[in-house]
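One chain, chain A, appears in both complexes that follow, with chain B as partner in the first and chain C in the second.
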Partner chain A sequence: MNQSIQAMPKILVIDDHESVLTGTVSGLRQQYPQAEIVTAQTAEGAQQQIERTQPDLVMVDLSIPQAAVESAQTNTGIELLKTLMQQYPTLNIVVQSAYAKALARLKHEINNHEGGFTVADKSLPLKEMLARVEWALQGLVYTPKEMRTGLEMKHEWLEVLKLAFQEGLQDKAIAERMQVGERTVRHYWTQLQDALSVYPQPGKNIRIQTEMRAREEGLID
Partner chain B sequence: MKELNTALNCLPGDTPVQVPASQLEIYETMRWWHQRQALQLNAQATEIRDGLLQELFALRRGLEVWAEGNHNASSHHHHDWLQKIERLHQDLERISNHLSPPYLEESLPLAIQYAAESWRTHYPQLEFVLDSPVQRSSESPARSRIILTTLHEFLQIIRLNFPEVDSLRISLSLQEIESRLAIEIPDVSQSTLASFLASDHLKYLSQAFELLTLGKCLHQQRELEITWYFLWQEEGLRQQ
Partner chain C sequence: MRQVRQKIRDKCKREAAIWRVRALPGFIVVALIIGLRFMGQLQFFERLALDYLLRLRPSEPVDERILIVGINEADIQRIGTYPIPDRHIAALFTTLQSYDPAVIGLDIYRDLPIEPGHSELVQAFSQMENLIAIEKVLSDRSGFTVNPPQGLAPKQVGFADAVLDSDGRLRRSLLGTSVDADTSNDTDNYKFSFTIRLAETYLASQGITLENGIRDPDAMRFGSTELNRVSPNSGGYVGADDGGNQVLLNFRSGLAPFRIVSLEDVTEGRVPEAWIRDRIVLIGITALSAKDVINSAAIDGVNPGLVYGVEIQAHAISQITSAVLDGRPLLKTWSDGWEYVWILVWGLLGISLGRIFTSPLKILLGLAVSCVTLTGVCYSLLLIGWWVPIVPTLLVLVLNGTGLTALLFYRYQQDLKSKIQDRQLIIDRTFDSIHNGPLQTLAGILRTVQERPLSPEQLYLDLKCLNQELRDVYESVLGEISTQRDSIILSPELKLDLTRPTHEILDEIYTYTLARDLPCFKTLKLKVTTFKQIDTRPLTLEQKRGLCRFLEEALCNVGKHAVGVTRIDVICKQEQNQNVIRVIDNGVGIDSSSGTAKTEGRGTQQARELARQLNGTFQRLSLIDTSSGTMCELRWAAVAVRMKDEG
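For the complex of A and B:
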């Protein structure tokens, strides 16, 4: 994440409740006082704002209306997310919802998304919600626990683990060996860390945590 | 309900079940009734999720942001209020999840997996081993709700009849022709087993399941272990 994004991110908040928008924007202002924050209350409005502002991060509720006169539907939020992930594959996204379970329908799309993707339940305290925003801005992935069970590891993620922890390669060398870009390798890291439930913790090295968890799960010898 | 040894080979099997017209009519009626009930419950859950929980979120953020800007305010008082709001949020979430169990619209395996987490909390002395597919299922939300309710009620009956049981294995197998939910109960005594099999609750649950899904309930006993099977077919595969 570059310095200007860190200090002054452009954020779009999408929610159909005026009071939720007010509370969310106020909370974001505490962490990012210089941020450019815009809002939208419908899926259509969100699309227009994204084209106009090109945000670094979109914070979206799932239950939203398509247009002003329509009622809120979870499917509208799901379809909007699907479209955003197709049109903007590196966009950082936070899903802020009181009921994020429907995201299970997008498991495949989330796994393939190259931007940050985190979920912040609306029951979270402000501090934790802001941590999810920060993780998404850093390009990390955090999905609900149930969506991670079964430990479905993609072949590419296992290859990254093997090259990093059995051959000691760094990301650049891993990218060359796998014939992909470094950005793609970073994307594999965030996805497999989410699958292993490894997230940033103060004072801990996330790569070492990943290695420990991967060994616990028997993914590497 | 039938003993598995005699019934498994003929029901539901590899071919669609032939259902008499009278039974099909009862099935359609029951299914309609169940779907209407489910619609109402889902609407109430949505009211909580899209209404009360949103207002509570706004209230909480308002309080948090206000406290940040008012360092002189009593932090103890403010902390108290935040805790009350959090408890209220959890209670409302629990009620909405009870009205409309999570993941019914997405995947039956996920819905069972999520429910199992709550059973583990509710029955800490009971070990649940869950063996279910990870893929999305093609079951309709209404059908998934019936399966989940059946499993929930079955667990209540087990707790009532076998208080000594400390582990259960639940296996879900979803196939195009025949799906199967199996619950394996180890180490049961002959005396409790007899009262379990004679239980009215078990009889009604089995009949309700069979009526609502046109499926079958079977059981198999091996020494001190009993396995209960709920079998059903995809809705489109039935023939009159």
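For the complex of A and C:
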């Protein structure tokens, strides 16, 4: 990951509640003192801000109003996310919401999204919330288990697992074998790790964790 | 205020856009008709229409300024010889002169002496200054002309040549023409017609002289009345022979426009003196045997179409004297430009009928009213002397009007057809909804009941679910049919827009169906999916809906029949120029679980029909190479290879 983004990320926080905004922003300031943080309270405002500031990361509350005078609706947030993922395929996104299930509608888009995508329940402690922000900035994917029904994999992900753990190939070789870019292979990794609920843990090798989980599930022999 | 203006502008723009598309055929029709007219293809009909409208006019009173002395069959028989000898003509002159007429015109060729009595006639000619006779100046087919009678001053001679239209009918009056100096011994080679000579002499007696025109210096003028010359494209004419000075003939309407007496009437003194004194007296032959007749369809009569030459002369003279003295209208035409504007305007009206009215009946009614109005307007204009295009205007009006009506009828038919199709669709979709929803649940319950006894609580829950699904059928079908042609409704909460990329919709169908409470889904551990862009652009929305129903059905089958299934593979992608939708499970499967040959179910029928429509193949087979499992697959040719949305 780009070091300058890590140190001075440009962040847009979208929430219609002033108090939540203040809390989130102050939390982000602690973590990223040099970050450039802008806010928006409506979906329309958010889109203008994104066009203007081209942020590295967007934190979205699902329940927001479309414009200033309208009432907040979960649907507005979903539609905004959909548009953002379409227009900015590499944008890192953190979704703040109590109803993660609504995101199931975006499963297809999330699977195809190339940037980081994490979901952080509003009730999460600040520390964990900041961890989800960090994951998103690293391009990782984290979706809550409620969004999934059992183990859902893509055929490409199974291919990646097979090539990596049965044939011992590195990403570059995997990319060649699958005739895709290395970036796409990395994208497959983050997606399949989310599907297997494998997330970075201090002191643990995430690839080995992934292999262990995959064997557990019988995905590889 | 600005908003209102904006709104009006928007409306105008919208209207203009509609017109651009819908009115195009209408404009083509107008252009076609204008083109036909321009090429002269309509002039025959336009002239017929003119004749017809002229005939329709109400009768005008008898023109008392003119008396026709017609030498009829009885006269000829009484005299016993033809041509009428000069003596009788000379005697007629003398008798007439005794009543003091303003001018006498002899519309009978007298270039050669017809004895007996030639000397008497020559004497009469030289003595009477108010006598005018005829000659023929334009060569006939054989190149002959006819000389005037001897002994007349040039001023007392006018030519009797007539200009006929291509249909052989007379509609124009030749007033003057240049004659080739070589064939004529006259020094002055501009000749005046018999008509204009008589009118001139008569009007001069009233103190009005013949002058050159003011608006058109080449036209003739009496006082303030200018005689409009015919140009090659006047009115309905296209490329007419406009040699000399011609005017359109505004025939005097009515069965008896002039007083006609016979030669005998005059010689026997039966004609009142007042009919002759100070009047124009025309002498001509009114016997069919003499063949001095002209074709005209504009004059009503016992024998319409055939008019005696002398009567035509009377009409031509009368139209000039009546115009000058009574203000009776002469026939005028618009310039070509205005005539085409006029045609265009009526064409536009024809087009707008379809825009204003929507039902064919109303359009036809509007068309009828418009036609009557148009004819009425043309007729009224003709009454005041304007000959305006009626044939091309009627044509554009009727063609555009009926064309639109036909189009509407066609649309009506199409609507009806699609309504019937819609109804069939409703029936099909209702059954599909029941089949893919509650029937699947019911099948699940039945299967479970067969295997082990159900607890009342479980049965209650299942039945409750079934109840809800059945209720949802109505709403989902209603929603789909009424407004949502372009979407598929899986449940009241889940409505999918069918215009979205197919693989996205199928992904959602998959997610929705796997979340359903079907018995075999409970054992599922692993789901592996591929949803990649497939090219479904040539598919109709109905076919896309079919794809959705196919996947739903295939997944439901897994949920019902794939006992012990642990893994399911769902694939939607393009494989070697073929689009593939495939569902593979590792459960026990239909064939091995039921053990008996099943009749083909509704779902299979649907799938086969869809495959047929797509020109593809459908198959469902048990996987023998692995221990168990079923593959259900639909594949059809992809039209274009296009990979954009690589997942």
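Everything below uses one rule, namely that the second predicted complex is superposed on the first by the 221 of 221 C-alpha atoms of A that agree within 3 Å, B and C clash if a C-alpha of one lies under 4 Å from a C-alpha of the other, contacts with A are read in each partner's own complex, and residues count from 1 in each chain.
Criterion: a contact is a pair of C-beta atoms (placed from the backbone, for glycine too) under 8 Å apart; a residue touches a chain by one contact, two chains touch by 3 or more.
Since the model is a prediction, treat every value here as computed from it, not as a measurement.
**Student:** Once both complexes are superposed via chain A, do chain B and chain C end up clashing or fitting?
**Tutor:** These partners clash in the superposed model.
**Student:** Is A:L126 in contact with chain B, with chain C, with both, or with neither (first, second, both, neither)?
**Tutor:** A:L126: touches chain B, not chain C.
**Student:** Based on the superposed arrangement, let me know which partner A:H155 touches: chain B (first), chain C (second), both, or neither?
**Tutor:** second
**Student:** Looking at A:M59, would you say it contacts chain B, chain C, both, or neither? Reply first, second, both or neither.
**Tutor:** After superposing on A, A:M59 lies clear of both chain B and chain C.
**Student:** Looking at A:S26 after the superposition, I want to know if it touches chain B, chain C, both of them or none. Which is it: first, second, both, neither?
**Tutor:** First partner only, chain B.
**Student:** Scan A:A72 for contacts with chain B and chain C and give back first, second, both or neither.
**Tutor:** A:A72 sits against chain B, while chain C stays out of touch.
**Student:** Count the residues of chain A touched by chain B and by chain C, then name the partner with the higher count.
**Tutor:** More residues of chain A are touched by B.
**Student:** With both complexes superposed on chain A, which partner does A:L80 reach: first (chain B), second (chain C), both or neither?
**Tutor:** Neither partner.
**Student:** Quick check for you: in the superposed arrangement, does A:R105 touch first (chain B), second (chain C), both or neither?
**Tutor:** both
**Student:** Common interface residues of chain A with chain B and chain C?
**Tutor:** Looking at chain A, the two contact sets intersect at 104-105, 149-150, 152.
**Student:** In their complex, what parts of chain B are in touch with chain A?
**Tutor:** Chain B reaches chain A through residues 49-50, 53-55, 57-58, 60-62, 64-65, 68, 82, 86, 89-90, 93, 96, 102-103, 105-107, 110, 113-114, 134, 136.
**Student:** Quick check: in the complex, which residue numbers of chain A touch chain C?
**Tutor:** 104-105, 107-108, 111-112, 149-156, 158, 180, 184, 217-219
**Student:** Provide the residue numbers of chain A that touch chain B in the complex, in ascending order.
**Tutor:** 17, 19-20, 22-24, 26-27, 30, 63, 72, 98-99, 101-102, 104-105, 122-123, 125-126, 146, 149-150, 152
**Student:** Okay, in this complex, where on chain C does chain A touch?
**Tutor:** On the chain C side, the touching residues are 504, 507-508, 511, 514-515, 524-531, 569, 571, 645-647.
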